[in-house]
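Letters A, B, C and D mark the chains as written, and numbering starts fresh at 1 in each.
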Amino acid sequence: MTQIEIYLLAGAAMFCIGLYGLVVRPHLLHKVMGLNVMAVAVFLVLVSVARRVPGPTPDALPHAMVLTGIVVSVAATAYSLALIKRIYTETGAVTLQETDDDA
Amino acid sequence: MLDLIQPQLPAITLAVLLFAASAAFLVRFERARAIALVAAGVQVVLVSWITWIVVGQDRVWVYTIGGWGAPLGIDLTIDGVSAVMMLLTAVVGCVVTVYSAGYFPPKDSYRLFWSLWLFLWAALFALFASNDIFNLYVCLELLTISAVGLVAISGERAALFAGMRYILSALAGSLIYLFGVALVYASTGVLDFDLLATQVSIDPTTQAGLALMVIGLLLKTALFPMHFWLPPAHANAVAPVSAVLSALVVKGSFYIIFKLMHVFTGHEMIPGLAELMGILGVCAIIWGSVQAFTQKRLKMMVAYSTVAQIGYLFLLFPLVAAADDIQTAVLAASAGLFHAVSHGLAKGAMFLTAGTIVKAVGSDRLEDMAGLSRLAPIPAFTFAIAGVSMVGLPPSGGFVSKWLYVSSAIETGAWWWAGAVVVGGLLAALYIFKVIALFMGSGKEPLQVGVSNRVITIAPLVLALMSLVIGVFGQPILDLLYPAVESLTAGMMR
Amino acid sequence: MNSPVLWLDILVVVILILLSIRIFSEASLFKSVVLFIALGLFVSFAWVKLAAPDIALTEAALGAGVTGALLLDTVGHLRSRNVPYSKHRHAEDGTSSNA
Amino acid sequence: MPNNIERPRRAQHIVAVGLLVAVFVLLARAVLYIPMHDTGVASSIQDNLQISGVLNPVTAVLLNFRGYDTLLEIAVLVLAIIGVLSLQREGMLASGRLAPFADPALSLLTRILVPMMILIAGYLLWAGEKAPGGAFQAGSILGAAGVLVTLSGHVRPGWLSPAIVKIIIAVGFVVFLVAAIIPMFFDKNLLEYPLHLAKPLIILIETWLTFSIGMILVTMFISSAAPITDDYVRGDAT
């Protein structure tokens, strides 16, 4: 197994773990962290792919994609957390299970 | 002067929206509203110009940003189909902007609506123009955050929860899509659609990449059974936002799926994918219609109707895959794309007029709206016209797309898809006529209707009439678009 | 194959996976967030191993730093009794996180 | 600790884990089939680095070759902060609930740290052209300095008027957008910097972006949703 394959597999595993946090854990904060772990997993795959280039300098395009992705995911996380805080302030809820009143 | 502007049109159109969005962020409500109205007018002019060039001269407009060109840089590519989607966005967007100007009280609490809405518009334009799968990821995120921001802007309890559900699903969809992009880049080394078309080979990495991209997008476009986030988000948002989400935003991710299936010859890359999407589409039609029929709130009903109508879009894929010749395939693809446009107009009208009705009646409950047609005839009439297109009665746009679907299903011998279209139409008739009958009837207690202003009464009617007009002029529109659809469909055939 | 460098990679990856599992199996929200920040720092190590120092810097600053701080702030918010700001000021310990 | 979160029922939990393991197997198969030879555009980036205006290939991709992605990415960041602001009640901009700690140690630390942080931010910005670093790293350090200054009570949360805060938030994006359309006046495409202008334009964009990113981060911290008026004393929130 090569170095690249190790990180690729780690990316695949962490994507599923993040998905677990998003889908199974009810607390909104866990869900947001799940999304962030999924994002890190995808970034691992991208950076591993960049490392295939022989020589000391990896492919810069996946690196740029990851840097863009990090900023986008920080922005999305910041908004999600603001929404969580607002929901808590308005209703005291920290999960989505307390919402069944819109029928 | 025009010669100087014309080559730069795509960039100018996008820049106008982005500048307007930034400016609207910095100023007070009235100014922001004025900026949005001006930007909306300018958009209609610029996008009509683009459409005229692309469709009229039958060319694919490739705009190389930064002058690099793919694979190093990013290209914008506007063909007939994306031009039509842009024009739909501009028309619905313009009406929504005018409607919003009359809908929101001039209070600063809704000041940021204008900026978020202009960013959303910019995201849609960028999405329809983009020809690069990673750039599309950024466009999708721009679209998601502006859409969720708009859902939550009212600050009401249900809207906040709906926004939360929406952002979690949409971000998950984006990340699944991005994983797919990573795999596709790993196996092909390119991100540009046109280069991908020449580079793809069938191997496990590319297959998984395409599958992930499609799954992520299906989640974002809310195809059954991944529609769970849509009804609360679309129903609990303020009316102009509901209209934009249902009429335009879900079409964005559908459009990307359409392009992906073309570029990757999707049904060969993943056998059964086209049929699976068709079956899910049928499930969406039935489930969405049944749910719409049982709803007690008007906007919830309209939102479930969107779930059903999204299903029709996905009948396109199995029908194109099953087509023996290019004419039949184009027929099926035109059906889907025509449906995207006619549903965009009709659903936009329906949600806007629902907002007008809710505002007039002071309640979203259907039982409170009995007898509406006497006291607020225009909104009730608008709802009926939009409903006609939703059901698919002639001469509406909905009729044309269903007619095309049925014809192509019969041509290909896959008549059961035609059955799904007909059943869907009947189900739609049930829930639409239930509401219309309610409007025509009389309620337990006399209805109190607060008179609302003329803008929010007339604007939805304009959209509803457009959904009829495109039905009347269906054939010329289809003839005009034939070459563009043909070149996009060729890749999806067996 | 079994060079020490590769063992280091395996170690990093195992820590990353165990940390991510712990984040979601942890009962205490605060501990989850701390583990998440730790994950961000260890990922930076992985970036360095993969010859991506620019990403390591950004990840440490934004991924672990900003996201982590925002998460901690949210945990603090969700734990606070949500008294209005005016009353908050009079309490000795308004926003500090109490682990 | 919030204890109203029920652990998911055991059977459902096992099904979910089983499904995720299946997903993992599929993903693992997909990543292990990735060809191990270089398929990307690395060589093309190296070839064009000379005319990109910067020496660091990643910066060249971010700000020149694929500057359009970055432009939209900044739009996402600005949009997120607009979203955060839209979630607040009226007049909360830059006067959030953040209660300053009147802690002398923190105050002293701030006096020492903040000037250093500003220096580091300046260095990162300057170094970004040829080494790792750039507007985002510099901006996040500037943002951290801003949060520290506010937390330690050296600066009242509302000392900058909301209008100025908003202008600083937007200025990076607007400067980028203006720089992007400048080439269009010289018969070039969007973001098609002329060779001699590429470097100064990129430095101009990065500098303004640094301030905007710093301000965006500070605003994200100090503008939390305002607590509502009545006391919410919840059993699960202690």
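Methods note: contacts are C-beta pairs under 8 Å (C-beta built on N, C-alpha and C of every residue); 3 or more make two chains touch, one makes a residue touch a chain.
Since the structure is predicted, the reported quantities are computational estimates derived from the model, not experimental observations.
Between the contact lists of chain B and chain D, the overlap consists of A.
With C-D and A-D as the two chain pairs, more C-beta contacts join A-D. Centroid to centroid, with C-alpha atoms defining each point, chain A and chain D lie 15 Å apart.
Inter-chain centre distance (chain B to chain C, centres taken as mean C-alpha positions): 38 Å. Chain A and chain C have centres, each the mean of its CA atoms, that are 13 Å apart. Residue numbers of chain A whose C-beta contacts span two or more other chains: 9, 13, 15, 17, 19-20, 24, 27, 32, 45, 49-50, 57-58, 61-63, 65, 67-68, 71-72, 74-76, 78-79, 83-86, 89-90, 92, 94.
In chain B, the positions touching at least two other chains are 134, 138, 141, 145, 148-149, 152, 155, 179, 183, 185-186.
Among the residues of chain C, those in touch with two or more other chains are 29, 54, 58, 62, 66, 70, 73, 77-78, 82.
Pairwise, the chains that make contact are A-B, A-C, A-D, B-D, C-D. Across the interface of their complex, chain A is touched by residues 2, 4-6, 8, 13, 16-17, 20-21, 23-24, 27-28, 30-32, 34, 36-42, 45-46, 57-58, 60-62, 66, 69-70, 73, 76-77, 79-81, 83-84, 87-88, 136, 220, 224-228, 232, 234, 236-237 of chain D. The touching residues of chain A, when paired with chain B in their complex, are 15, 19, 22, 28, 31-32, 35, 38-39, 41-42, 45-46, 49, 61-62, 65, 68-69, 72, 75-76, 79-80, 83-84, 86-87, 90-91, 93, 96, 99, 101-103. Within the complex, the chain C residues that touch chain A are 1, 5-6, 9-10, 13, 16-17, 20-21, 23-24, 29, 32-33, 36, 39-40, 43, 46-47, 49-52, 54-55, 58-59, 62-63, 66-67, 70-71, 73-75, 77-78, 82.
Chain A meets chain C in the complex at residues 1, 3, 6-7, 9-10, 13-14, 17-18, 20-21, 24-25, 27, 29-30, 32-34, 36-37, 40, 43-44, 47-48, 50-51, 56-58, 63, 66-67, 70-71, 73-74, 77-78, 81, 84-85, 88-89, 92, 94. The touching residues of chain D, counted against chain C in their complex, run 1-2, 56, 58, 97-99, 101, 132-134, 136-137, 140-141, 143-144, 147, 217, 220-221, 224, 226-229, 231-234, 237-238.
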